[in-house]
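Two complexes follow with chain A in common, the first pairing it with chain B and the second with chain C.
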Partner chain A sequence: MLEITSTPLVLIAILGTVGVALPIISIARKEKGSNSFYAVIAFAALIVSMGYVGYQFVSDHVVPSALFSEDVLVDDAFGGFFALALLIVAVFTTVGSFNYMRRHNSPAVYYSLILLSTIGMVLVAYSTDLVMLFVAWELMSIPTYVLVGFMKRNPSSNEAALKYFLFGALSSAVIVYGISLSYGLTGSTNIGEVIRGYAALDPSLYPLALLSVGMFIAGFGFKMGLVPFHQWLPDTYEGAPPTITALLAAATKKAGFAATIRIVVMGTVALNVDWTLALGILAVMTMTVGNVAAIMQKNISRMLAYSSIAHAGYILIGLAVAPHSSLGLQGSLYQILNHAVMKGAAFIAIAGIVTTLAVTHIDKLKGLGRRMPITSLGIVISLFALAGVPPLAGFWSKVLLFGSALDASATLGWASWLAIAGVLNSALSLAYYGWITRKMYFEGEKEKRVKEPKSVIGVMVFSMIFLVGFGVYPEPILQFVEFATPVLSLGLMP
Partner chain B sequence: MATEAVGLPFEATSTAAWLVWILPFAAAMIIPGIGKLSKQATGYAAVGFALMSALSAASLLPLAIEGSEIHKQITWIEAIGLKGGVLADPLSVIMANVVGWISFLIMIYSTGYMKGDKDITRFWFWMMFFIGSMQLIVLSDNLLQVFFGWEGVGLASYALISFWYRDKKKDHVGQEGRTVLGLLDYYAPTHAGMKAFIMTKVGDVMMIAGMLLIFLYAGTFGFKELMGGTEWAVAMNAEGMLVPAFVLLFGGAIGKSAQFPLNEWLLEAMTGPTAVSALIHAATMVKAGVFLVARIGPIVFALGAAGIMADQFFEIVAWIGAITALLLATQGMVNPEIKKVLAYSTGSQIGYMMMALGIAGLSHQYVDGYTAGFFHLISHAMFKASLFMAAGSLLHVVGSRFMTDMGGLRKQMRKTYAFMWAAGLGLMGAPFITTGFWSKDAIFASVYTSGNEWALPLFAIAVLTAVITAFYTTRMIGMVFFGNKSRHIQKMEEEGHHIHEASLSMWVPYGILAVLTIGIGLIGLSTEHGLHHMFEVYLGDSFGIHSGYAKPESTVLPEFLQGVNPVALGASLVAFAVGIGLGYTFYIGRWVDPVRFVNSNIFFYAIHKVILNRWYLNAMVYWCFVVAPLWLARGVFRYFEKTAMDYGMNDGFQKATAWGARVVQGTQTGVSQSYLFVFGAGLLFVVLILLM
Partner chain C sequence: MTNELVDFTLVSVALLGIGIYGLAVKRNFIRMLFAVEIIINAANLNIVAFGRYLSHAAGESLALFSIAIAAAEVGVGLSLIIVAYRMYQNVDIADFRSLKG
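Our next item is the complex of A and B:
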């Protein structure tokens, strides 16, 4: 049994209570529009949650990354790592909304939904049971459908929500189908039991087991934005409120990876199939399509949407080579954390630009460096970190990822091609990151400086310190990642 | 004895070692903020932080004197074994104090010199950045960290040399319209900054190549680690890479210390504010190269104990130093600009230091040459900083960089006159009373007694250079303070400008250094012995380099000169007497007119012209490395870039990418049905590759 003070339960208590209480308070207060009041409450709840996760780490209450447990949830370092990354993004979103939601109605519901979705994401990372995972998955997804369509008078927001919901429903169905298949094959929904069952499976049933793994890849791949399950993503990211896009791109995507690492990677190890090739092909396809499509985009949200598809491809490299190099999953986790900060900050910056200048077209960003200097600097640093320019934090995670591919090539001949594809794609991505930078700093006449939202500045400063600081001195994060990464070997099997 | 620990550096003594270089950087970070509030406050902040940094350095002195050291490391990037750290051993502590205190005095001077400049915030920012970078070099415990400081120094020098980037006529150097080999010998500040940056960068590239070579074999950049074992050196030596690697490292020092053949940037560097010149020449920039050689020299020499001889390395150091010393000293004799004379003099004096550090490795008494070189570094730092600041005062008052526009100033600027004599005597090596004499004498002695096959030619060059040094220093003082007032000054006085002494904040710093030059000079020999003893212990303890034998007691010399080599002493005295005598004849006594003397026969005329044209070195550098590459670049641009690259590669790649993007976008129809279809097909695809 989990202790009552274990991290996932406490997070449910904190975030759940506040999440449910917010709409009730709003009804009781009988007033509209006091956005910052609710934002502060949500912000406080998230900070307390982060503090608790951190405290659990510091006070050694967290078990090393176990992956398996008899319970439905496990309080391990892997889950804690994801919880921290996801909570950072949730904080970004909340802080960014201080300003963004000022002109919109029903803020209480909005923040409540963010908190509930956050619980879902965090629980996905902590789950060790398929049913628990599915419940958490839905808890994460359903509030975001609403949030994407939150601008109900805006047609593109509606279209985005509809597409997102359609695909969300489809992928949920696919996941459920995968779960039922694996339950039928092994007689359990506990992930550890399932994998043990797979390992002892009659070879004539392998195709069914593979079908269920394929279902999981497709179902989670929808959230991760893997090609070819990505097509909803640009439309949704573009139409959704940019603060919510930050949440989708930087957080729910990461929950997809958490689930994939827990289930797919371990499951395929047990099945002893060459799934590295499948993930490798998906990785190369994903990053190439993402980057090539991003190059010609005119809308900055859409461009970054494609860029986040490309990043899912990079992260997948680590998963693909995981059984051949211990660095693989470390690289993925590191990139997940960095991407959460980089993309989160970039989309929050866009939210700031949208509220102050009401532009998203890239040509309209001319001279932004003079109009909104701090926001622009934050964007540039995030973009360069995304491209992996040293000495920013994004550089080290890419070094680890591509290094793991080279490391794996000793036993997996074609793995070095993953590194080559990754490096070429990073170079290609600089083309459009550089293009935005050029627009902001080297074009335009003498624009006047406008007032930048304080909340956006806060997010920018935090992300700049994070990206530059841990870029120059990456050691603490490297150690944290090493601690949080599960060790893949059949010996650890339950 | 050696306190070594890995961990966070939070103990009191080692904190001081970190603070020495962190404080100036911290100041650089906050100065722009202060500048928003009050421009004047930036100066106080800079002086305050420079003082704190210098005090931190001073707090390390007791440690150095008792011969112990602090070595603290923090793990920087575990995966590739990179560590950062401070190494405060006697060498770096003394250097840190020289840099710290001289910088502090220069900062005080700058508050007066730069008063009213509207870009003052930028000035203080870069000055503090400069000092911080230099202290980083000094206190680093590994080559990589040194390189960071090294590049910081290069960047700051670029920014400060071209500080007056508006390129006004008065900020140029050289005579307008003068050409050498068809190229203008007249440079704007922005050009000068770029020139310094690029020329030193040539050295930096060599240095990083050398560093990486060593890292390849040793797997570490750390000095202590390199001292700790010899396997890496054995391996390098076996493949013949040891000497090349260290010569490449020395290449960095050649660039940074303006040694031949990368010496030409130093002259144009005079476009910066004079305070910057003082900092570059006395404390922060050119001394970095000497310090680097002092850092790596003992490591190389100590390898001798393991049977690995690297004599070629030391021969190259010594000869580069000797050539530079003579080459630049000769040019100092003829140049009409006061700051340029001082710049030539710096290059030449640095050459002396290199010569001493090089000859040290070729003799049995490593510590002799080592001490001599380092002692000269200290004494040079004092008198050269003083001379530069005094020259800055002259520029400030007269408004011209040409000595021909000065003359007869000794009545109006008594203090400057006196201090310039004092510091100038140090540069000349005036016997028995100046630091410059004792340090130069030590160099002569170490060269003379080294027993190397090249000892005599090197000694001859050293003495000849000393003669020339004494001559050009006298010439400078003569042209500025003696004779009649120049037409320029007469005109100024007619227009109502009153020629007056510089302000208090300006003359006090160079006064202090001038007095110190004489003051320490009076006890120069015992200072040298103290330094000698300290380095003897240091080299013995840290590197296992022990002196071979005791110095022979001299019977020829009186009691107070015990330990001085009589030949070297005699040579110093003669060189000083001849140099100052000639200088007096031409420029103070003015018994012979130098212009008429030079024009008296074709031989003198030709020599004068060659020297004045900088031995044609600068022009040749420009022809080979600027003009010719530009031609080549234009050719490549017209016949390759415009054709193959632009129409072929560039357009082709762009079109291909755009086509790819359109194809991908084509699939993004926006129609949900087609998306769902792709999703289903994708699921099938994944299952198929899994089944494969």
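Our next item is the complex of A and C:
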């Protein structure tokens, strides 16, 4: 049994109470505005939760990454790692909304939905039972459908929400079907039992087991934006409010990866089938399609949406080579944390630009370096970190990822091609990141500086310190990632 | 007993096929939502059939969870459709084309 003070339960208590209380407070106060009042409450709840996760780590209450447990939730380092990354993004979104939501109605509902969705994401990372995972998955998804369509009178927000909803509902339908098959084959919904059941499966039932793992990949792949399942993603990221796009790109996507690592990677190890090739092809397709499409974009949100598809591909390299190299999952986890900070910061910066200048077209960003110096610097540092330029944090995670592919090539001949594809793609991505930078700093008339929103400056400063600081001195994060990475072997079974 | 299980699974696979067909062919948003619902119910049927075959209670409880969650999901989806209908006066997916790249 889980203790009552274990991290997931305490997080449910804090975030759930505040999330449910916010709309009630707003009804009791009988007023509509006062965005910052609710934002401060939500911010405080998120910071307290982050503090609790951190405290659990520092006080050694966290067990090393287990992946399996007899319970439905496990308080392990893997879940804690994801909880920290996801809470950072939720804090970014809340802080960015201080400014963004000022002109919009019903802030209480907005922040409440962000908190509820955050609980869902965190629980996805902690869950070790398929039923729990499915419930958490839906708790994460359903609030985001509403949040994407939050600007009711804006046609593009509506359209984004409808497309996102349709694909999201399809992805959960596919996941339930996968769960039904794996339950039927193994007679249990506990992930550990399911994996053990797969390992001992009658070979004549293998096709069904493969079908269920394939359905999990497809279902989670919709949220992660892997390439055959990515059509909704650019539209949704462009049409949604940019603060919510930050939440989608940096957080719900990562929860998808957490679920994939918990189920698919272990499932493929148990089935003893070589899925490395399938995942490797998916990875290369995802990053190539993402980067090539990003070059042609004129809208900065849409460009970053395609770049986040490409990044799903980089992260997938680590998952693909995980059975052959212990560095694979470490690289993926490190890249997940970095990507959460980089993409979160970039989209919050866009939210700041949208509220002050109301532009998203890249040609209109000319001279932004003089008009909004701190925001532009934040964007540029995030973009170069996304491209993996040393000495920023994004460099080390890419080194780890591509290094893991080279490491795996000792037992898996073609794995080094993954590293080559990754390096070529990073070089390609530098082209469009550099293009934005050129527009912002070297083009345009001399224009006056405009006032930048303070909350956006806060996010920018935090992300710059994170990306540059851990880029120059990556040691603590590397140790943390190593501690949080689960060891892949069937001997860990309960 | 085993034959019964096969019957149920066959129906479930047929429903899955109908759902995928509906998603691929229909262009009306509500019809597409129906198609997704059919897939979810195919999975529920599967779960209940397996639960009965294995004589577990876990299957039934999982199916109940999934029905309740699907209901919440449809609620959100229909409300999004109503908002879109007020704006566009129809729910044809071909009309939602303001976002492209």
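Rule of thumb we're sticking to: the second predicted complex is superposed on the first by the 494 of 494 C-alpha atoms of A that agree within 3 Å, B and C clash if a C-alpha of one lies under 4 Å from a C-alpha of the other, contacts with A are read in each partner's own complex, and residues count from 1 in each chain.
Simple rule for what comes next: a residue touches a chain if its C-beta (ideal position, glycine included) is under 8 Å from a C-beta of that chain, and two chains touch if they have at least 3 such contacts.
As the structure is a prediction and not an experimental result, all values here were calculated from the model.
Shared-chain residue A:187: touches chain C; no touch with chain B. Shared-chain residue A:40: touches no atom of chain B or chain C. Of the two partner chains, chain C is the only one touched by A:156; chain B is not.
Touch criterion not met for A:24: it reaches neither chain B nor chain C.
Residue contacts after overlaying the shared chain place A:228 against chain B, while chain C stays out of touching range. In the superposition on chain A, A:170 makes contact with both chain B and chain C. After overlaying the two complexes on the shared chain, residue contacts for A:475 are found with chain B alone; chain C is out of touch.
Shared-chain residue A:292: touches chain B; no touch with chain C.
In the overlay built on the shared chain, the residue A:277 is in contact with chain B alone; chain C does not reach it.
Residues 162-163, 166, 170, 174, 234-235, 293, 296 of chain A lie in contact with chain B in one complex and with chain C in the other. Residues of chain B touching chain A in their complex: 75-79, 657-658, 660-662, 664-665, 667-668, 670, 672, 674-676, 678-679, 681-683, 685-687, 689-692.
In the complex of the two chains, the chain C residues touching chain A come out as 12, 16, 19, 23, 29, 32-33, 36-37, 39-40, 42-44, 46-47, 49-51, 53-54, 56, 58-59, 61-62, 65-66, 69, 72-73, 76-77, 80-81, 83-84, 87-88, 93, 96, 98-101.
Residues 162-163, 166-167, 170-171, 174, 207, 210-211, 213-215, 217-218, 221-222, 227-229, 231-232, 234-235, 273-275, 277-278, 281-282, 289, 292-293, 295-296, 428, 431, 473-475, 478-479 of chain A are the ones touching chain B in the complex.
Contact residues of chain A toward chain C in the complex are 130-131, 134-135, 138, 141-142, 145-146, 149, 152-153, 155-156, 158-163, 165-166, 169-170, 172-174, 176-177, 179-181, 183-184, 187-189, 234-235, 238-239, 293, 296-299, 302.
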